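Paired with chain B in one complex and with chain C in the other, chain A is shared by the two complexes that follow.
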Partner chain A sequence: MKISFPRMGYSYIAFKWLVENLGHECIVPPEPSNHTLDLGVRYAPEFACIPFKILLGTYIEVAQMGAQAVITSGGMGPCRAGYYWVMHKYLLEEMGLPMQIIAMEMPLLNLGDFWGKINRLRRSGGVSLKELARILKITWEKVKAIDDIEIRSHQVRPLEVKRGDTTRAINEGLAFIDAAQREHEIAEARQEALARLDRVPQDQSRNPLKIGIIGEIYVVLEPAANHYIQLLLGEMGVETDRSIYLSAYARKNTIVNLEGDLFAIARPYLNEAPIGGHGVNSIAETILYARHGFDGVVQLAPFSCIPEIVAKSIIPAVSRDFDIPVQTIFIDEQTGRAGVQTRLEAFVDLLQWRRSRRETVVEKRVLQG
Partner chain B sequence: MYRVGIPRSLAYFFYLPLWKTFITELGHEVIESPPTSRAILDRGVKEAVNDACIPIKLYHGHAAYLAERCDLLFCPRLVSVRKHGDFGSETFCPKFLGLPDMVRLALNPLPPLIDVRIDLKQPRTGLWDAACEVGQKLGHGQAEIKRALRLAQAAQQSFRNLCQRGVLVPDALEAVLNGKKVSPKATPGHDLTIAVVGYPYVIYDPYINAGLFKILQEEGVNIVTQDMLTDQILNWQARELPKTLFWYFSNRAVYGGLHFMKKGRVDGMIHVTAFACGPDSMVDRLLEIEVRRRSSMPYLAIAVDEHTGEAGVRTRVEAFLDMLRYQRKGK
Partner chain C sequence: MIKAYLGVDVGSVSTNLVIMDENGQLLASSYLRTNGRPIQTVQEGIQALGRELAQEVNIMGCGTTGSARYLTSMIIGADVVKNEITAHAIAASHEIENVHTIIEIGGQDSKIIILRGGVVTDFAMNTVCAAGTGSFLDQQASRLCIPIEEFGGYAAKARNPVRIAGRCAVFAESDMIHKQQLGHNLEDIVAGLCEALVRNYMNNVGKGKEILAPVVFQGGVAANLGLVQAFNKYLGFEVLVPRHHGVMGAIGAAYLARDAVGKKGQTSFKGFDLEKIDFRTTSFECKGCSNACEVVQFFENKNLIARWGDRCGKWELQVG
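On to the complex of A and B.
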């Protein structure tokens, strides 16, 4: 069977490997482009959020490339994303595109359904159970390695001497991961990729601003949906940390990980959790970034995203209490790159000014004291 | 004695008999905000977060009106009212879940909120717990609360009964709370029956939908809504969908729509949706596709926002009715 999946950042490298090793042909989803979005906007309901439209556009594109099925995620609400697959199915049927949608509901809710779907994919691909375990393990290793490399790149980019060096290095590094077939090869590829990033000529005298990126998972993870915001900020000389990584649950070294803590942190501001999507998370993550000494936070969300609107209405209070500036950017099909860039530049200017003011205050104190 | 304010928006059209009777029976005064007006809408638009949908902005407007006139503001956190759905996790739109917090941060001055968390997944104890919390906030003991809750539930039940006998929700509210006489009989001379589905706070608020019901009644149309169906009939429809929706009011609208398109004996269906409503972006297209697949029933979607004018709605409704009558003549 020819199988495809939604594209989210660099994770496609790992999922491509998964599908191919399950014995199916993988149609790698193209990076979302204006064409993808146009297709999605044409057929999607007007007020659907932008991830819905981009995914629909992607499904149409991969259908034209020959995909017979897409694997996607389900959900239990109250975020709309859990109902995406049903609406996508309706819409694709209306368009007359024969496409099977394999939606993975949360295993905790319906383990039988989850296992059944994986098992069907396994059997139709002719893979043994033992083999399946190995494949899943390696996919997971790849996801983790990709995230490690990406995290490092966002630290290196603001220091790079020649613009574009980091981007070239990360692309080379990801190619190593893509080529790796076994666990130890992935470990080696990861080392080599990280080393390449470290070898990028850097100006260590810079003290980059630090910005945390929070918000809705899809627009945070997919650079094409958020106008390459981490790249833009990196090239402006800003170090970014983002709250969501696919492998976040397994790591302890990132600033944001386990959800239970997040709900407790957000409780003084929002006495209910979860409210769907990453609404509560956004509130808690703003607090965490403030505590970790970040200079500012950028909230990314699709236009009309319900949980993030709730978060947005509460974040001003958090921003005031913790003295951390927050820039909210709602993204829809009308959002232009220049608009995003202008707002970011203004925001970075503001942060720079705040920092220099704080430093002058400190200097004065030192001189007087 | 406290003056307790209940904003006339969102779940107002759904729980008013229960909570109004409960609070009145405990010996307090209930102040409802007046029907939506331009002033209330403008106030809401000013106070609420700019990306919110119209109903949420309206709620802020109503709450702001009451804030200066009451001692306590009734603003419950509706989490769920039943165990339903594919995962038994039916809830409300996230904006309902965060409502008390949003209102608290948006409005100043603001009296203390009664932000009771209503989660009736445990049907036995859920409502009792909520009633106790409200009663204790108002300074009452269990015996009084028990008595008031019994009367309140009776009022809510007679309200539901009236609705299910075919009385429109605004009339049923008047009948139960103010003793106005209503009859569920269809008006003689009306030749069309139209199903209006949508959220209670959109279809029963005549300001925000530009007087849709009045227009329809003037044009000789009998109106039926999803609230006239029993829960049993509604829930029966869940099996028609690949997956149930997550939101209580959306499920009701979709189930009602499915029932009417299958065997509702109605001539057409109107879905009223609010601009930028998240769940409705799914509900509207779902109904549109289902109605085309299952029936030949004409379907009209009306999206309302703060600029909706009466003329615009009237024109679209008249065109829709002309088409229905023309079609009928052709048969």
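On to the complex of A and C.
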């Protein structure tokens, strides 16, 4: 079967390997472009959010490339996105592009459903059970390696001497991961990729500002959906960390992971029921970034996203209590890149001022004390 | 020769230029319509300032701001390029001591900037709607056949401002027409519109912000007396409109240029004689990878002086 999936950052490298090794042909989803968005906007309901539109556009593109099925996420109603796959299926059918949509529930929430679907893909691809265990393990190793490399790139880019060096280095590194077939090869590829990033000429005398990126999962994970915000900030000399990495729940070294209970952290500001989506996360993550000494936070929210709107109206209180500036950027097909650029530049100026003022205060104390 | 600094703010609607001396005294300023031709407007504006002052001043530094700030910086040879939020904040804090809040309404955007102790602590710009900005007022004034300069005067004469739905420019317009057809007089409608815009601004841009006095109201729209009164009424105290409210962005850019040249040592200003130079932009789609970046090239006469727009940095070029 020809299988595709939504594109979210660099994760496609791992998922491509998974699909191919399950014995299917992979249609790699193209990076979302203006064309993708145009397609999505044309066929989606106007008030659907931007993730819905980009995904629909992607599905149309992969259908035209021959994909017969798409693996995507379901969701036990975190927000309306949990139901998007059904809508996508209807819309594609109406357009005469019938597509099988395999919606995975979170394995942690519904292991049976997850297992059943993977197992069916395994059988239709003619892969043994023993093989499957290995394939899943390697996919997971790839996901983790990709995240490690990306995390490092966001630390290196603000220090790069020549603009674009880091981006070139990470692309080379990811190609190694793409080529790796076995566990030890992935480990070697990961080492080599990290070494390439470290070899990028860097100006260590800079002390970059640190900004945490929070918000709705799709616009946080897919650079094409968020105006390449981490790249943009990196090239402005800012180090970024984002709240969501696909491998995050298995690691302890990211600032946001499932080790700590986000609900418990957010509770002082929100003791009622959860607000769905990543709304609670956004509140808790603002607190986490403040505690880790970040200079500021950028919240990315698809226009009309209820969870993020609720979070946005609570965040000013968090921002005041924890003394951390937060800039919210709403994203939809109307959002101009120039507007985002202007806001980010001004936000970075603001953070720089705050920092230099804090430094002067400290200097004064040192001199007087 | 007086040592002076040049600030240029090229926005969607207007292009503002100022020349100020070392102490922040304005020597000249001009407020031009951009008319969708930023290159030409900047060239003409600089040329005109040159005719006025070239014999008397020595430009020590220049800065640009506004949505065409990068383009403009290449035309004039700017020493500093800054976003309009920072530029407005710098200008207001020089103009009014200990300013706490800046309300700025321009042609297509509106913003609020919160300062404490001379430092920007928070800001917001209108997100998804242009209701309440200068362009909308322009449009309504011309629909009512009132010159925009007199618009505010009408509002000031109102006795009972009508309530107009200001949430959205389209709804506001149809609501205005509705009120006209009911026979309300023009003054009350214009005043009602001003109040609706202020309400919209406060609920959208000003949401969740702590608005403390002194409040400075700047931007081209601050010339509108009706809006000033509507802000006073809403806030319960008087907003301050600086004398040069229309060119504050450019003033900020000039201050920033002064600081930048202080660090850098020398200006890159190309001089006032810009009209004879032919500036041109072209673009092409890079075929290097699937990103298909649109690469923009900027020419001065026949020389390529800058290239940008590529994500990987392959084509990037900046001369000087």
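One rule holds in what follows: the second predicted complex is superposed on the first by the 355 of 369 C-alpha atoms of A that agree within 3 Å, B and C clash if a C-alpha of one lies under 4 Å from a C-alpha of the other, contacts with A are read in each partner's own complex, and residues count from 1 in each chain.
We adopt the following convention: contacts are C-beta pairs under 8 Å (C-beta built on N, C-alpha and C of every residue); 3 or more make two chains touch, one makes a residue touch a chain.
Predicted model, so just to flag it, every value in this text is computed and none were measured.
Asker: First (chain B), second (chain C), both or neither: which does A:P316 touch?
Answerer: Both: A:P316 reaches chain B and chain C.
Asker: According to the stated criteria, A:R354 is in contact with first (chain B), second (chain C), both, or neither; which is it?
Answerer: Only chain C; A:R354 stays clear of chain B.
Asker: By the touch definition at the top of the document, which applies to A:Y228: first (chain B), second (chain C), both, or neither?
Answerer: second
Asker: State whether A:A175 touches chain B only (first), chain C only (second), both chains, or neither.
Answerer: After superposing on A, A:A175 lies clear of both chain B and chain C.
Asker: State whether chain B or chain C is in contact with more residues of chain A in the superposed arrangement.
Answerer: Greater contact footprint in residues on chain A: B.
Asker: Check the residue A:R80 against both partner chains and state whether it touches chain B (first), chain C (second), both, or neither.
Answerer: first
Asker: State whether A:L270 touches chain B only (first), chain C only (second), both chains, or neither.
Answerer: It touches chain B, and chain C stays clear.
Asker: By the touch definition at the top of the document, which applies to A:A187: first (chain B), second (chain C), both, or neither?
Answerer: Neither chain B nor chain C is touched by A:A187.
Asker: Is A:E94 touching anything from chain B or chain C once the two structures are fitted on A? First, second, both or neither.
Answerer: first
Asker: Thinking of the overlay built on chain A, is A:F303 touched by chain B (first), by chain C (second), by both, or by neither?
Answerer: both
Asker: Share the list of chain A residues that count as touching for chain B in one structure and for chain C in the other.
Answerer: The overlap between the chain B and chain C interfaces on chain A comprises residues 303, 313, 316, 330.
Asker: What does chain B use to touch chain A in their complex?
Answerer: On the chain B side, the touching residues are 48-49, 51-53, 77, 79, 86-87, 89, 91-95, 97-98, 100-102, 105-106, 115, 117, 241-243, 245-247, 275-282, 284-286, 289.
Asker: Which of the residues in chain C end up touching chain A in this complex?
Answerer: Per the touch definition, chain C meets chain A at residues 67, 82-86, 109, 117, 119-123, 125, 127-128, 208, 290-292, 311-314, 316.
Asker: Sort out for me which residues of chain A touch chain C in the complex.
Answerer: 30-31, 33, 162-165, 167-168, 228, 231, 303, 313, 316, 325, 330, 332, 334, 338-339, 342-343, 345-347, 349-350, 353-354, 357
Asker: Give the list of chain A residues in touch with chain B in this complex.
Answerer: Those residues of chain A that touch chain B are 45-49, 52, 74, 76-80, 82-83, 86-87, 89-91, 94, 109-110, 269-272, 275-277, 279, 303-307, 309-310, 312-314, 316-317, 330.
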